[in-house]
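Shared chain: subunit A. Partners: subunit B in the first complex, subunit C in the second.
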Partner chain A sequence: MLTTLAPDTGRSGKPRPVPVRRGNHFRKQTATNYLLIAPALLLSIVIVVIPGILTLLFAFTNWSGIGFNFDFVGIQNFQDIFADPVFATSLTNNIKWLVLFLVIPVIVGLLTAALLLRRKKMRTFYQVIFLMPYVLAPVVNALVWQTIIYNPNGGVFGLFGLQPPTSSQSTSLYAAAAVDMWHYWGFLTVVYLGAMRQTPVDQVEAASLDGAGGWGVFRHVYLPSIRPTLLLMGVMTVIFSFLAFDYVYLLTQGGPAHSSEVMGTYAYAFAFSSFEFGKAAAVGLIMSFFGLLASVLYTWISRRDLTR
Partner chain B sequence: MKRKRLAITAVSIAAAIALTVSGCSAGGASGGKQKLELWFWGAPPAQQQTMQDVLVDGFNASQDKYELVVNFDNAVDKNIQVALSANKGPDIVYGSGPAFASAYAAQGKLADMTPYAEKYGWKDRILDSMYESGTVDGKLYSLPNSIEDIGVFYNTKVLATLGVGVPTNYDEFVDDMNKAAAAGLYSSVTGNQGWKPVNQNYVSLFMSQVAGGKTMYDALQGTIPWTDPSLVKAVQDSSDFYNAGYLGGKDYSTLNFDQSMKLLSQDKSPFFIGPSLAFQFASNYFNDATGNTADLGYMPFPTINKDLPTPYYTLGTTASLSINASSPNKDGAAAVIDYMMTDSFAKEMNKTWPGYWAVPLKNFDLNADDYTGLSKPFVTAIKDTIAGVNSGNYGYFVGTFFPPATAAALTDIDSVWLGNETAEQFLANVQKAFDDEKAKGLVPPLPVPTN
Partner chain C sequence: MRTYFRATISHLVLAGFAVIALIPLVLVLINSFKNNSEIYGNPFTLPTSLSFDNFVTAWTYGKFAQGFINSILLTGTTVVVVLVCAGLAGYVLAVQKVKSWPIIMIYLTMAMTVPIQLFIFPLYSVIAGAGLTDNVFVVGVILAAINMPFATFLMRTFFLNVPVEIEEAAVMDGLNTIQLVTRVLFPMVRPGLITVGVIVGLNAWNEFLISSTFLQDSSTKTLTLGFLTMNGTFSTDIGTMMAGALILIVPILAVFIALQRYVVDGMASGAVKG
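Up next is the complex of A and B:
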């Protein structure tokens, strides 16, 4: 059956139905629509909206995470968090994480995608290889790096007599970020390559005929063409960066001495070590705030592009 | 007609959902027996088998009313926390100690086990200090599955190579570590990779060994502040010890207990400083199959403060056992706990799983000569620890006896070791967390040390 999103007014050429019948039909159609979106809506309400509202509520309580006995403490949780130097370290680390992820995997991903664009025979093979760390579970990736690379006894660092970066306060964050970037850049490559392949061939050929070199074609044809993809992935990277947790937790647990703490691990410690869910919820709200900022920025830029 | 069909469909769906839900619900009967659940940490396969053979099969064969099932779970603490909060979870609640249990008891998530204690005579059977630690307002909410001490594992072969014997006091111990470092070995091996609370072992050790158990007890009662000079000295001494390289050297944050035991077995260090439960890791590398069982020894940590008795123990528990307040089979859960509080159970478990089952019995009637492999030194170590506990010569392990936020604050001891804050600043933070938890009544009852 052929379906289309275009309105069917006049398409069939049949006379318009009488108003009463149209009303019934409209109501039936609306009911069907609601029924179809009900599962997704229900899931969103149960999994996102209700926990979101509860998190907002608990951020202003001293809830321990056990049972439902709690008192409202106003903004005490936020005051405690802002007075805690570990929070400042966590926020700074999240910002460092963001900068790293907006630069290194993006550059590597773009370069690799540009190279793969010309390599038609082996392109699929390379994509599969590059995507492998992304499809592996974080715990597997972390274990591989911990035992083979960062291990002082038998690992690559141990072999060269170097101190593993996870053990130093000045390098522990970068050690965790390196593993996360290693797992992430292949995914970016595949996405960028997909976007580049959507670039109209005539534009590329026209630029080449006009004498543009490889860099010129990339800079003036491909880059503007994949701008929406770059923007979307950039926003997703901002959101992911403020939600960073798994690789830090698996590789350094936020240490040594909180040096690689990010807000995700900071909140986790409140929730599952200290039984201070109220504070964990407050940290969660702050994390969401940055994600929200990125989403608003993305929406604003997208709308501006549409109205240009 | 359409409506009828619709109604039949709706009823069928509802019936299917009801059947599914009832099938998934806990506490169901299995073959006429009531099902009992215990969630346990994700132990290695060989130890899971021991658990199955000794606990599950043993308990199930001992009676015909209940069917015990043990689920092994690497995230057991977190999952139990979530399940209990929702009034769900296993019948027997496995936790990280009395402090863990008291937090749940305060929220009504654990059942009062006092009637079962009277029925089974637990108070007469369990070490007084261990029994009391599981009570809240005079009611029993948890029992420890095992006691532990923080001591020193040593490799006799490496000590012989260094030309020294087993150290008999703290000065000799430090001398031996210096000799090991001079020989290009680790002074000692240990580390907190993958489990930051490992730090609690060493802050507990130094508070016990430098400030003493009575000072810790007074701080936990709130009669002296955590910034008391003796506690400040204990924290500072731990920092000096760490910075001298005596805790895994530069590799503290890249080693874990298992790797440390491996290094000890590979003659890379004469010592491993850690809890007695590390016997379970040791058995992977020191065993009769490799013929090096006799190379491993264990001793209490040499007393640092010369005013304290020798040996002096850092008393902890490996885990705690409680009954879920929402369990429909509390009697059955109590029967399982009672089964685990017997010397026959301890005897069987320790045959193949040394380190985790030092059941806190007043009469720990296990004879080291009946055991082979590492079970032999473990049984000896625990008998000595129990004698020390009965004499009151002990301090406290933070993870067992301290309320959760205070324990978490003490876990940050590496901030002092790495020079980010002073011992005074660190203990001032501990004081803040402790004041808040004391006001909430979260400090568990403590056995009083004599010295």
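Up next is the complex of A and C:
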């Protein structure tokens, strides 16, 4: 793996000089550098990786989460989960969530970014407004929507005589997804706009001289130019869609009657409502599997950037 | 004429989306000053008088004074730990002075996408077993570890833009690696440190899953968790809920608007988790 990587200094300007004095001094310098990188790696390994490996282990036990008394139960947890209709609902809801997020925020983000490209003066103003929901806490966003918009008594829905969408089985998932998307799309606008602005100006001018209109320039110049960003954000969306938790938990708790349950809330209920940490670990493992697929894809797509 | 027409349309579309982003926030603002009978009439009407009663109730019952202190301690812990560790790691990865740097980069990419649900259950058990739940500093360090990979990547790109010559000159002057990084390079990547600090700070301030799991005691609850506990008691008292929301929204938007350049740059330069 290592040997296949082309040596590259990765910095502009002069190539990095080869250290002349080897031996003691060089070894000491390497040690210092490992010392500098150690705190970041150690924190990540102790807090994320080791408990992650434990989850892998506990998924095959009947661990209750209290103390470390448990028996290995083989694939019993997975058999129970796959036989549970709520798990099927959760997985389906995660996939619906993924489709919604791959379509609506992407279209809105691309449209607004493309329009902002030409509005040089107002660009910052709009970006700041679009990002406002994004920088606020999910707790705040969810409670604001629940209290003043979805509320049948005194909220906007009540004003129009509508039932709250969070308490109907057919709309609960979409009610939670709507708030999450409202908070998220502005972020995509900013990322897409940042990528579009990297497009070489001469390409845009050449296309305009060839008689391409606004749509033509967008379709044939900007869209291909931001393809890596679109792909990357798409992969990120896949990962986060399988991990959706905050807005569902805050707005519907997965209800009514599990209609808006996603794998995140399903796992959380196992751990902290029924103290079946073994099953929670198993669901966590299944969620991570989807994330891992996307993560491998992501690492693969960005491998050139990483080793540059 | 045609370009004028187009510009108008594009302004209208952008303004439309701005309205979508802002309407819920405007509703919070106007209803936080209204009493409940006014709100039940119509949430869109402006308040008839400026009453601050709702704010006093929200501040008291949401335990916002304690919440602010806890949120500041938690966020401060996360930001300091991330800036120190990710700053140093970002430097090492930028200058590639350790042979295993490609492996470390791949490790960090994988770590960035590890879901919280993969490690939260055993982590909670260990932390609870050690009696370290209900401690904002512990949660601050956990959130630092989660933000570390992304912060390291972002710091690395900032270090990549420092000219090699500056580093060489410093080494000529006889500075060792640690002096070079802390005295010469950290001041040069200050915009990077601010960008990472603001984004990581917002993440920590707003975080829900880890904080709500590890901070159960009312004396250790962060600002957002304190606001959440109001939901049960005040769910029919819309004015108080909106006042509470406004108290949480205003400081964050003020910080965001003051530092928007760094936030927007940071987001535009790399994918940020959220």
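In the analysis below, the second predicted complex is superposed on the first by the 276 of 308 C-alpha atoms of A that agree within 3 Å, B and C clash if a C-alpha of one lies under 4 Å from a C-alpha of the other, contacts with A are read in each partner's own complex, and residues count from 1 in each chain.
By definition in this document, contacts are C-beta pairs under 8 Å (C-beta built on N, C-alpha and C of every residue); 3 or more make two chains touch, one makes a residue touch a chain.
Keep in mind the model is a prediction, meaning the values are calculated, not measured.
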Should subunit B and subunit C be called a clash or a fit once both complexes are overlaid on subunit A?
clash
When both partners are placed on the shared chain, which of subunit B and subunit C touches more of subunit A:
C
Please indicate which partner A:Asn151 is in contact with in the superposed arrangement: first for subunit B, second for subunit C, both, or neither.
both
For A:Ala257, is the partner it touches subunit B (first), subunit C (second), both, or none of the two (neither)?
first
Kindly classify A:Glu276 by the partners it touches after superposition: subunit B alone (first), subunit C alone (second), both, or neither?
first
Scan A:Gly65 for contacts with subunit B and subunit C and give back first, second, both or neither.
both
Just to be sure I read the superposition right, which of the two partners does A:Tyr184 touch: subunit B = first, subunit C = second, or both, or neither?
second
Once the structures are superposed on A, label A:Gln169 by its partner contacts, choosing first (subunit B), second (subunit C), both or neither.
first
Superposed model, subunit B segment overlapping subunit C, candidates 6-14, 24-32, 78-86 or 366-374
78-86
Overlap of the subunit B and subunit C footprints on subunit A, residue-wise?
65-67, 146, 151, 153, 250, 272
Could you pull out which subunit B residues touch subunit A in their complex?
77-78, 81, 84-85, 103-104, 107-109, 192-197, 250-255, 259, 263, 268, 404-405, 407-408, 411-412, 414-415, 417-418, 420, 433
Taking the complex as given, what residues does subunit A use to touch subunit C?
1-2, 5, 9-14, 16-17, 29-30, 32-34, 36-37, 39-41, 43-44, 46-49, 51-52, 54-55, 58, 65-68, 108, 111-112, 115-116, 118-119, 122, 124, 126-141, 143-149, 151, 153-156, 158-159, 182, 184, 186-187, 190-191, 193-195, 197, 214, 232-233, 236, 239-240, 242-243, 245-246, 250, 263-264, 267-268, 271-272, 277, 280-281, 283-285, 287-288, 291-292, 294-295, 298-299, 302, 306-307
Residues of subunit C touching subunit A in the complex
6, 10-11, 13-14, 17-18, 20-22, 24-25, 27-28, 31, 36, 39-40, 42-44, 81, 84-86, 88-89, 91-100, 102-111, 113-126, 129, 141-142, 144-146, 148-149, 152, 160, 163-165, 168, 176-178, 181, 202, 205-206, 208-209, 213, 224-225, 227-228, 231, 235-236, 238, 241-242, 245, 248-249, 252-253, 256-257, 260, 263-264, 267-269, 271-274
Residue ranges of subunit A in contact with subunit B within the complex
64-67, 69, 146, 150-153, 163-164, 166-167, 169, 172, 250, 252-258, 269, 272-276
